[in-house]
Amino acid sequence: MNECMTSLNCSELIHNSYRLDLCTWAEVEQYLTKCKGIILPIGSTEQHGPTGAIGTDALTAEAVALEVGKRAGVLVAPTQAYGMAEHHLGFPGTMSLQSSTLLNVVHDLLLSLARHGFERVFVVNGHGGNIATVKAAFSQAYKTVLNLKLPVAAGFRCKLVSWFMVPDVFKEAKARYGNLEGQHATPSEIAVTLFLEPNLQSKQRQLPEPAPAGPIYDYQDFRQRYPDGRMGSDPFLAKPDHGEIFLDKAAIALTEDLLNFLKEL
Amino acid sequence: MNECMTSLNCSELIHNSYRLDLCTWAEVEQYLTKCKGIILPIGSTEQHGPTGAIGTDALTAEAVALEVGKRAGVLVAPTQAYGMAEHHLGFPGTMSLQSSTLLNVVHDLLLSLARHGFERVFVVNGHGGNIATVKAAFSQAYKTVLNLKLPVAAGFRCKLVSWFMVPDVFKEAKARYGNLEGQHATPSEIAVTLFLEPNLQSKQRQLPEPAPAGPIYDYQDFRQRYPDGRMGSDPFLAKPDHGEIFLDKAAIALTEDLLNFLKEL
Amino acid sequence: MNECMTSLNCSELIHNSYRLDLCTWAEVEQYLTKCKGIILPIGSTEQHGPTGAIGTDALTAEAVALEVGKRAGVLVAPTQAYGMAEHHLGFPGTMSLQSSTLLNVVHDLLLSLARHGFERVFVVNGHGGNIATVKAAFSQAYKTVLNLKLPVAAGFRCKLVSWFMVPDVFKEAKARYGNLEGQHATPSEIAVTLFLEPNLQSKQRQLPEPAPAGPIYDYQDFRQRYPDGRMGSDPFLAKPDHGEIFLDKAAIALTEDLLNFLKEL
Amino acid sequence: MNECMTSLNCSELIHNSYRLDLCTWAEVEQYLTKCKGIILPIGSTEQHGPTGAIGTDALTAEAVALEVGKRAGVLVAPTQAYGMAEHHLGFPGTMSLQSSTLLNVVHDLLLSLARHGFERVFVVNGHGGNIATVKAAFSQAYKTVLNLKLPVAAGFRCKLVSWFMVPDVFKEAKARYGNLEGQHATPSEIAVTLFLEPNLQSKQRQLPEPAPAGPIYDYQDFRQRYPDGRMGSDPFLAKPDHGEIFLDKAAIALTEDLLNFLKEL
Amino acid sequence: MNECMTSLNCSELIHNSYRLDLCTWAEVEQYLTKCKGIILPIGSTEQHGPTGAIGTDALTAEAVALEVGKRAGVLVAPTQAYGMAEHHLGFPGTMSLQSSTLLNVVHDLLLSLARHGFERVFVVNGHGGNIATVKAAFSQAYKTVLNLKLPVAAGFRCKLVSWFMVPDVFKEAKARYGNLEGQHATPSEIAVTLFLEPNLQSKQRQLPEPAPAGPIYDYQDFRQRYPDGRMGSDPFLAKPDHGEIFLDKAAIALTEDLLNFLKEL
Amino acid sequence: MNECMTSLNCSELIHNSYRLDLCTWAEVEQYLTKCKGIILPIGSTEQHGPTGAIGTDALTAEAVALEVGKRAGVLVAPTQAYGMAEHHLGFPGTMSLQSSTLLNVVHDLLLSLARHGFERVFVVNGHGGNIATVKAAFSQAYKTVLNLKLPVAAGFRCKLVSWFMVPDVFKEAKARYGNLEGQHATPSEIAVTLFLEPNLQSKQRQLPEPAPAGPIYDYQDFRQRYPDGRMGSDPFLAKPDHGEIFLDKAAIALTEDLLNFLKEL
């Protein structure tokens, strides 16, 4: 059994929650004597088509992260709800950090964790647009950790996983929706939100037009190209029970991924 | 009756929730035809004494914001869970953005809102350490909005309110706890978290030493000065039902504040 | 007697001036063997109503700082004449640093002092608009000092005081001018400039309209709201002899403040 | 006669001073209807050898700027007392902005002036170490002015002059001091400070060792190479009356320079 | 036939070279009347194992870019020889830009091109470590182009291609080298350099140890994990004639890619 | 004989080339045991009049650097082809980094070299517009090297040389072309490009108008003032054989310069 899975004595106190925000600093201090891993969920606040929730990427990343945390017995930090969504700014409600800002956010959070002695940061991501910037942030954080000669320097490592790119999740989505899975406002991510927030089902409706597919450039171009915000997807196919399955498949794969990451020499 | 209170037709769909993350972009577009206001909660992820939750400032800011949003009928954006908590980095679990990073985060979020036509951003803050940086960010955001000549430029305004500094809240806290309210890990904020997350009560315990009071400098100095993280407070005095009262008093005052802000010419 | 008050042997040479800019580096080296404190005045270069001097905030901060330096026997660094005055840019002559720029200026100056072994930096401020940014800068400077492991790290501290917010100054202003003290281009600050630069009296004149009061947003809004630059004030009430009194009251209180700061463990 | 020389009606009010900080915004507004030029002095706060004042570069730049302003009838902005003096940080009392910070300071000040309609900014510099950064700032400011399409964009121009590099000043210094003029803590600049602040004479003394000459790298290397801070100079040769002559020669040449700059198409 | 392929009248003058650096501005002006596309090669200067050239990524990106430019008749900008190679800094000779720096470099180059009216920028990349940052830079550049309302705003698009990830190249490499293609200092990229710089063959030698495979974290970890710099590869398999084939396969695929990009509506 | 001239055993392997990009990291490691010097060429990609190549400054800086490297036996890093050319952005084809970007580029490259133990970086520059920024970057790099306490800190030094400002080059240019050497698109630099790239001769032609001389402000002003891009020069005077002479004179002087720099205590 993984040490992390047994280490958090505070778990009884907080009823099997591994939410960092519900721990005290003393509990974290104790946790660190046994386990050096932590999960950091990162989402985005951006349009998800005419029927999808703006918070889809944060809701799903958080749910996956909490599920993985529970299964692996690893702490989960609060969700960074805002990501890099510049290309969605053509749709009301999208709130985006510039790449350079998100880079600094992730850098600062990683440095905070490194100072405390966390050695494995497992970033669970809900938005494709974050990937480039988060990776760039890893590189800057590694540099700073070495520059500051933090005690953790010899073993500090970060890993980025995007739940929707987990092979079993992707396979499942293709099996269920075929090409109508699309690239944005996909039925798979919408399904997870329907499972998490059943009230969202009332927004679901059949959309008259199929969604076009294509490339992503700036936000004006995006809105022109994808007038209702979807990219090649039919989110009406999504059902809450699919969401539960996607969540489970993501959690299974990522828990294994995390445990390997924690064991990595 | 405030137009904002009636404008969000989507409210029925989402069962009286005014959470932006549960809206679609189309609902936000419609909302903007009636109401130009939005609430942005900002917290912090930092130690709150030996018995308080690390997420206290985000949990409380979010709860107050959602309550104000419901009463005023105004949309509430997702909570920025990470703030400027550099002076708490001496305690494990604290995750802090540097001032310059937080400044850019708030700037980018305000700019996103301004682009969509929001004219009144009401920032509900849960952490004293954020105040300076958020104000600095307002000033940079105003400049950018003018520089870009956004259509909203003539009327774009931001207002920062810290729920724990609401006079009625502060008065109530003093009446209940006297000087043991203190400056950090205060019974009033802990009480709100106990009300929100009843499981947190299991962490409460009488602390042997009174907490010293004093100034704030760097995080090494902070830990030396305040060895268990509290500043002048006795969080053991906090009870869940106090929390409900604080939340209500904050919501009453800030709802009025927000409605005045929305009506302001 | 405070050690600082006796330590600057160069004081005889420079006729009781404690201006850093009139010292040699060798004198500063000698000073540091006895006293670790220094005063850093920061002002702003911005409109002060139709009759007030654009340099009001720098002139007053410098005068207060030099007076406190003389009384406490503590060195006074040159005045940073430019501050964060973005909201006054609608009026010709205002010269403003962006928040992010001022943050770096203050950071760099504090770091220079920390390298030399100064342990207490007392920032005397003349402009409300600087407060947020200077505080944010303190936080970044503390972090850098710790990151660099400077010898001074264990004891480096900064304190921000705004002379116009000194309780005795504020009380005096209210007693003399009541509500006509206002928020900007106040008779109290104008009075200090009249005392310092008697020629400024020739600009004084009764203004036909009372000044409106209200909030501060961007600089276009500011000029519309406050067409002549005053906020709720009647600077015509200011007299040079009042200025002398304000200066004295500020100096008394801040000298005590500084001496306590220097003695602080 | 230059229009600028007659335009500032406020000059009678302020007794022939052309200090921007003693003007009101309304006077500046009026001034701008006649003259588009302004002088911006920039100094440094850095060691100037064992007998020279730390403020030498700011004191001299300000004096030259005010003299040129008076002769040309052109407004003089407050002195930016802090410049780029990183290589002097090995000597106590030096306070330096990093290049990137100074770049932003100068950028922001130039932008403020451009917004008001100033078209010719004449930067009077007292420190060789500022030159590179100020020039880099000009380039960034021009870009921003064009990007923002400010009304002044077609004619906004900046010019950097260093008073100590004025040919007539340099020739005079060589004639008086030969090679002992040196590169830093030169008798010419010290002479100007002795003229401006006669008390500084008491610090003058014959130094036993000649000062070495050589290159400038980092501040540790600098202190090792130039143990008392001088570079190739003998500041003991400086006399107050020389200072008056240097000041006059600088003012004559730079006034002509400025008037040509203002007339430039 | 693609218009770009005929438009550059200067091609005869410069003997079929499409190097921007050998054109005059007038030729570029003329080119832009016919073709809005340009190729920007980006490499890296980093260790490539014990026998590979430090410039491998720049040499190969430049060669591919020039070949594509010649075939498509599209201008090729100079190669940005320095990229993001932070994880290789443990090996002498590696010269790396931080992510944030590279982001600004690419942003500034794209903005320069957008100002001139280029509408399609085809970035040919030679280094995996650049991908994240270049994508982040695209997003910032799109934002700036829209913010500045450049005439090109409606149609400005960038595309990143990494020659070693072209399917036909990758397939060929796998067919030739199997798993010994590896991840870094791969025989395929080394082969291209041997073809381009035959003298490099003299450095080739059989390496005694197989190269380990694994993840990438910081540069200390990298050197420990991959002591001679290779990741899972056997560069000794590389032959110059393979290089010619890889170059040709990359050029065929990317020329088609580019022509489609140019035709894209 | 200079140790550097004998140290690079790899020179036989790479046929007397001292190009870093053609070395392996192991060769660089070996080189560093004998020689701590390296040459870094920096150019610009900007208009050079109606007949000059856009890459003139990079082509010439690279050629001079390689020649100096060969003569001194010192490694030459790849050319940074993009510099600070903001004022040339009015002409198609110019690609410019902002000052702040170039500052970071040079900083990062210097830091990479310092980490490896290089102690003398000789920057060979081809463009006047880079000088200010490169000098500012030196200052920031020195600071970082000291802050990080790199082993090389005590002896890390950088030197900037612009080949066109070498006295013997300048004298030769004046002797050949008199005032028609001008300031930009000068016959001397064009001559070097004609020598390096003979095909460029076909672009040479007599220009009808003499080129005006004058100051440099922003890029709109530049294009208005210098409609064909030349400043005071007649590039038609340039001949390839002149280029060879300029190159030789630059190489002679700079080789001596470099050898002195390497020997400097």
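Note that the chains take the letters A, B, C, D, E and F in the order they are written out, and that residue 1 is the start of every chain.
In this text, a residue touches a chain if its C-beta (ideal position, glycine included) is under 8 Å from a C-beta of that chain, and two chains touch if they have at least 3 such contacts.
In this text, all values refer to a predicted model and were calculated from it rather than measured experimentally.
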item	value
Touching subunit A and also subunit C, the following chains	B
For subunit C paired with subunit F, centre-to-centre distance based on mean C-alpha positions, whole Å	47
Chain centre separation in whole Å, for subunit B relative to subunit A (CA means)	23
Rounded Å distance, subunit D centre to subunit F centre (Cα mean)	31
Of all residues in subunit D, the ones touching two or more other chains	98, 100
Graph class of chain-chain contacts, one of line, ring, star, complete, other	ring
Order of the ring members, counted from subunit C so that subunit D is second	C, D, F, E, A, B
Residue ranges of subunit F in contact with subunit E within the complex	13-15, 17, 19-29, 32, 45, 47-55, 58-59, 77-82, 89, 91-98, 100-101, 104-105, 107-109, 112-113, 115-117, 197, 199-200, 202-203, 229
Partner subunit D, residues of subunit F touching it in the complex	84, 86-87, 98-100, 103, 129, 131-133, 135-137, 139-140, 142-143, 145-146, 153-154, 156-159, 215, 217-221, 264
